[in-house]
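Comments concern the structure below.
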Amino acid sequence: MFFASDNWAGAHPKIAERLHASAAGFSRAYGDGDLDQAVYARFSEIFEREVAVFFVATGTAANSLALAAYNRPGGISFGHRESHIIEDECGAPEYFTGGSRLHAIDGALGRMDVRTLERAVDRFAPEFVHAGRPMAISMTQSTEVGTVYGLDEIKAISAIARQYSLPLHMDGARFANALVSLDTTPAEMTWKRGVDIVSFGGTKNGCWCAEAVVLFDLDRAKEMAFLRKRAAQLFSKSRFISAQFDAYFDGGLWLDTARHANEMTAELAATIASSPVARLAWQPQANEVFAVIKTDVAKKALAAGAAFYDWHAPAGFDGQLGEDETLYRFVTSFATTADEIGRFGELLRS
Amino acid sequence: MFFASDNWAGAHPKIAERLHASAAGFSRAYGDGDLDQAVYARFSEIFEREVAVFFVATGTAANSLALAAYNRPGGISFGHRESHIIEDECGAPEYFTGGSRLHAIDGALGRMDVRTLERAVDRFAPEFVHAGRPMAISMTQSTEVGTVYGLDEIKAISAIARQYSLPLHMDGARFANALVSLDTTPAEMTWKRGVDIVSFGGTKNGCWCAEAVVLFDLDRAKEMAFLRKRAAQLFSKSRFISAQFDAYFDGGLWLDTARHANEMTAELAATIASSPVARLAWQPQANEVFAVIKTDVAKKALAAGAAFYDWHAPAGFDGQLGEDETLYRFVTSFATTADEIGRFGELLRS
Amino acid sequence: MFFASDNWAGAHPKIAERLHASAAGFSRAYGDGDLDQAVYARFSEIFEREVAVFFVATGTAANSLALAAYNRPGGISFGHRESHIIEDECGAPEYFTGGSRLHAIDGALGRMDVRTLERAVDRFAPEFVHAGRPMAISMTQSTEVGTVYGLDEIKAISAIARQYSLPLHMDGARFANALVSLDTTPAEMTWKRGVDIVSFGGTKNGCWCAEAVVLFDLDRAKEMAFLRKRAAQLFSKSRFISAQFDAYFDGGLWLDTARHANEMTAELAATIASSPVARLAWQPQANEVFAVIKTDVAKKALAAGAAFYDWHAPAGFDGQLGEDETLYRFVTSFATTADEIGRFGELLRS
Amino acid sequence: MFFASDNWAGAHPKIAERLHASAAGFSRAYGDGDLDQAVYARFSEIFEREVAVFFVATGTAANSLALAAYNRPGGISFGHRESHIIEDECGAPEYFTGGSRLHAIDGALGRMDVRTLERAVDRFAPEFVHAGRPMAISMTQSTEVGTVYGLDEIKAISAIARQYSLPLHMDGARFANALVSLDTTPAEMTWKRGVDIVSFGGTKNGCWCAEAVVLFDLDRAKEMAFLRKRAAQLFSKSRFISAQFDAYFDGGLWLDTARHANEMTAELAATIASSPVARLAWQPQANEVFAVIKTDVAKKALAAGAAFYDWHAPAGFDGQLGEDETLYRFVTSFATTADEIGRFGELLRS
């Protein structure tokens, strides 16, 4: 019953196996090996256009370098108030950019409100030396609270980006979960809707450590090579990332694992919704369930070995928390089993 | 005949196996899992005192964060002119420290000359606001050109560090190779000789990706936690690093792999020394051979599939290069075989 | 009728005169001259304890270096949402600190709400590596909207700073105006109420360019010397700053000029309050008046040569703006005359 | 007998007078006033083409921002080993650029050796992600040791800059002294010889504080506005800088003061050359004399009130220092008098 985070799981057997199988032999280092090249090409296929791919160590690195690629003095990037870049990265985006600012945009359930975003950006246009100036818009797909921007919403946000000549960054730490949720393609969810740069995460969806910055603007690739190396994010034996992505994409494994995670979330949600001591805080759209549960019941479940975190109520949560209730987050992954959910359901019933 | 770099090899079978075996199950993320804790404890055993261990993605990250741990405005760090921090990290140490400076110290064959170092540090003492001020001394063990500081040399350098109240950093990307070469212990080669912080590398010696900053000053551990996270170097599924180190240390595997690499270097050196078309540029002490070879012979070997790089002559190389000769670097690793060396010897003879 | 800003004025005649008189002769550079030393001593007298004084070029530099003096990885500083460090410095504080964050605190009429501040700081305690951690609290005295924190409010804010072991910074770009408004002493308004570091501004109050960082914690002075030089803020002929401050303090000139500016504001406020086409937006407490004026009347005044800016409504402004009304800011200074105000009053009446 | 530095002098009477005369009245702030605009236009006249001018507080700021204008990840700038940016700015250029590197170029008597420069730059071409890459070339005119690059030398250096597509920066802290020494025009000494950006110093030549970045590439002006503000170098009452430059340029005052300083240096040099206890270390070309003097004689002169510093021997100084001799630096300025030199000559004779 490990619902604490999708990074508590290890690696999917097929990915672990591929990595194991890649251990022998010699290969050029620093991203220039044959397998590396093949995986880059695979990314281009998946995105249906030529892309530039840069492996990095963490999602935080991908996000921070993506913003650094568009860095400018006095720059201000706009993201959701509860986004990972603002809440969970210890200031890495600001640090990587030498002090650019993140401007928090409100919006219900993890999604930036488009009108609020537009007003915020507009406040800094035209550029004024005292106030600083817009630099980028960053959106998270799926969001920190398990919701998903619809394709039209992405389009609406990129329209603002275009209007103010800003790049649009997508934090895709849970890219696959959103993709499966929307039943769409990588191309449709990104550059065809105006996204310029993607933090493409594989770690939460079955890899050990497989994160990449994907650029659609190939002209920026050369700079990114220097940005990444300078940020100490250039792996020597990059083959170990490539091997993971190789298996990840093979036969659509990544979509299968994401689909599984989302289905487990749906099942867990149904279990919770049917409980007399719990209710869904809002409807899950990817691989995270947020639920209001009687605190004593939850504590018993935790004591019984279930793992999940209590959570602060996000903007847009319109439920009331009773005095004896708490809001909790549950995350499912490729490794979550129906059995675990069944056992958790029993704990809720007992 | 892959002598291009020790990072062209993959992972040692035992390490690959352990990683594979660790893929299942759930574990706390961000370095707080049971295996993580066990590996940290193992580091303390190996160093014979309590140490603080921080896994990072690359040797560049370890070096840069080690210097960042001692960062100060106007700071100047001293390292060998041909050291990795100066020659091969795209300015990462300067970037991580917001602009501190690396001051190049000359010295023969990769080792800082102690007197030159002392004079250089002394020039900035007492502190003077215009000139900047000393911040750290960094030494590489084994060095970029395959030599090793003797224990007395480490002591002599740390004496300068103490005299000027500076921390002494050891870039141990090839820590194990030096250790085996000196037939000493981690404790004797580091804190017992005055080293304060170590970049502990496992990648070149048989891991996929296993680098750590090891601090002997535990008071700095809390700051390092923030420095590392802010630098986007905190792995979520850190278990994948721990599993590698776990196998790395198990039964002294790391010493075996280093010993093997050094022995292969000795064998390769003997092969070269006995060749009429090649000679050793200087005596190897770890896992790198530098040799002067007839250029046309070397080109044929490269064409025949051998991999190695030509190299710029370092300070202290007193040989003369004939017009038809070139200086080359050969690196051996856990994966190098006597057979490869034998085949290369044949190429030299043919 | 130049009410656009207190930095549209030049220099007070006595300050201009003193500077002129100081032009001849030689003096040690970089802040070590006799006059420099005398002025530092004068600062200590004025603050009734030994202080460390660092001249800098701008108020932005003073603020940014004050925060840099307490910089830490992942650091978050708290200031009012409409404060100068957040709204008007192009990211300089973040830049000087290599990416620390400014966290906006709401509060009516330019003053942080103490409870809101406490909750915001508390959210980051205890320290958590993902979220970052508190670094400093910064308050502006007098505020950006012409209000003043009372001595008890300063005490309440410093109590929060103490509780969370944070330094308290005071942005005193209009220090003298607040001092005169509260009819108190520099010591009472700062360290006796728990302030640790002050941006002490002279420019807006009659100097050409005279800003200083004043530290009560002398242990930090040595670091500040390096921080300032590294930030390119160490004047060579620092005598030209000292000469200004020398005249500024002489005979209490600085209090006279501030008192005059505040009185002019009171007079302007009375003029506006008595007008049928204008009203005070809130009660001024220092040298700034914010007024709601019929837009067409204001435009005529501007056309007639008056200079003042329209302003965005700050939090806590509870007035309603009619469709034909606009909120404007008026700033008075040592150079404002009753005659100017009289002429402006006539414009309002006509 | 104040020969310690040209920044020990105050302000030229005409400049002090103009500043005094500018104190009254109101003017737009932040560089947008009428006088500011007039002075910018004056710069364009002086340089015989349209230039963008940015006032800053210090020469260190001008140099650091000039390099920041051409900043790039992994960037390496080349300057003379004894240049101000390397020896005397506490790492400000590295700090302003977030960690770019300064690469020291050797050369006799303060001037980079052109062949050495070319080899150094060439080592980093073509670009290689590990090594970093060239970013700018910086030359100092006149140099730190009182010599001057000839127009052909500037041309030769800019040819290297062009060859490698690098900008050429001129640190003109003593711009006027070099100009007068070469008897040429600002245009001839800069953009007509391939200089792209100039740190234009007025402080050492008779101003209180008047430094500017001058850009010939107007496209970079917008970015510089943000760079400067973010670096806390945007003066509010910028009129006080404009007033100084206004008088500085008026009637060619700046050339007169520089000529006077150079003449005083020539006179001092003659005095020294004719002394039995002193000799010129090398031939002065601007406003600095370096001399070898019997140490006991120099000490007596210092005790008698003369001010000058002992100096480290620069590369290219081929004289031998006797055991009883020391190398000293003497700087003359607009404020130096023949009488002072006469008195110093007497001290040498006595």
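So that you can tell them apart, the chains are marked A, B, C and D in the order they are listed, and the count of residues begins at 1 in each.
Heads up, the rule we're going with is that a contact is a pair of C-beta atoms (placed from the backbone, for glycine too) under 8 Å apart; a residue touches a chain by one contact, two chains touch by 3 or more.
What you see is a predicted model; the values in this text were computed from it and never measured.
J.: With chain centres set to the mean of the C-alpha atoms, which chain is at the far end from chain C?
T.: B
J.: Taking the mean of the CA coordinates per chain, how far is chain A from chain C in Å?
T.: 42
J.: Measure off the straight-line distance from the CA centroid of chain C to the CA centroid of chain D, and report it in whole Å.
T.: Roughly 34 Å, centre to centre.
J.: Once you find the CA centre of chain A and the CA centre of chain D, what distance in Å lies between them?
T.: That pair's centroid distance is 51 Å.
J.: Send over the residues of chain B in touch with two or more other chains.
T.: In chain B, the residues touching two or more other chains are 30, 73-74, 89-91, 95-96, 98-99, 129-130, 132, 226, 229-230, 234.
J.: Which category does the touching pattern between chains fall into here: line, ring, star, complete, or other?
T.: Contact map by chain: complete.
J.: Flag every residue of chain C that touches chain D in the complex, lowest number first.
T.: 2, 4-5, 7-13, 15-17, 19-20, 22-30, 56-61, 64, 89-92, 95-96, 203-204, 208-209, 226, 229-237, 239-240, 307, 335
J.: Residues of chain A touching chain C in their complex?
T.: 73-76, 87-91, 94-102, 129-132
J.: Show which residues of chain A lie in contact with chain D when the two form their complex.
T.: 30, 72-74, 98-99, 129-130, 132-133, 223, 225-227, 229-230, 234
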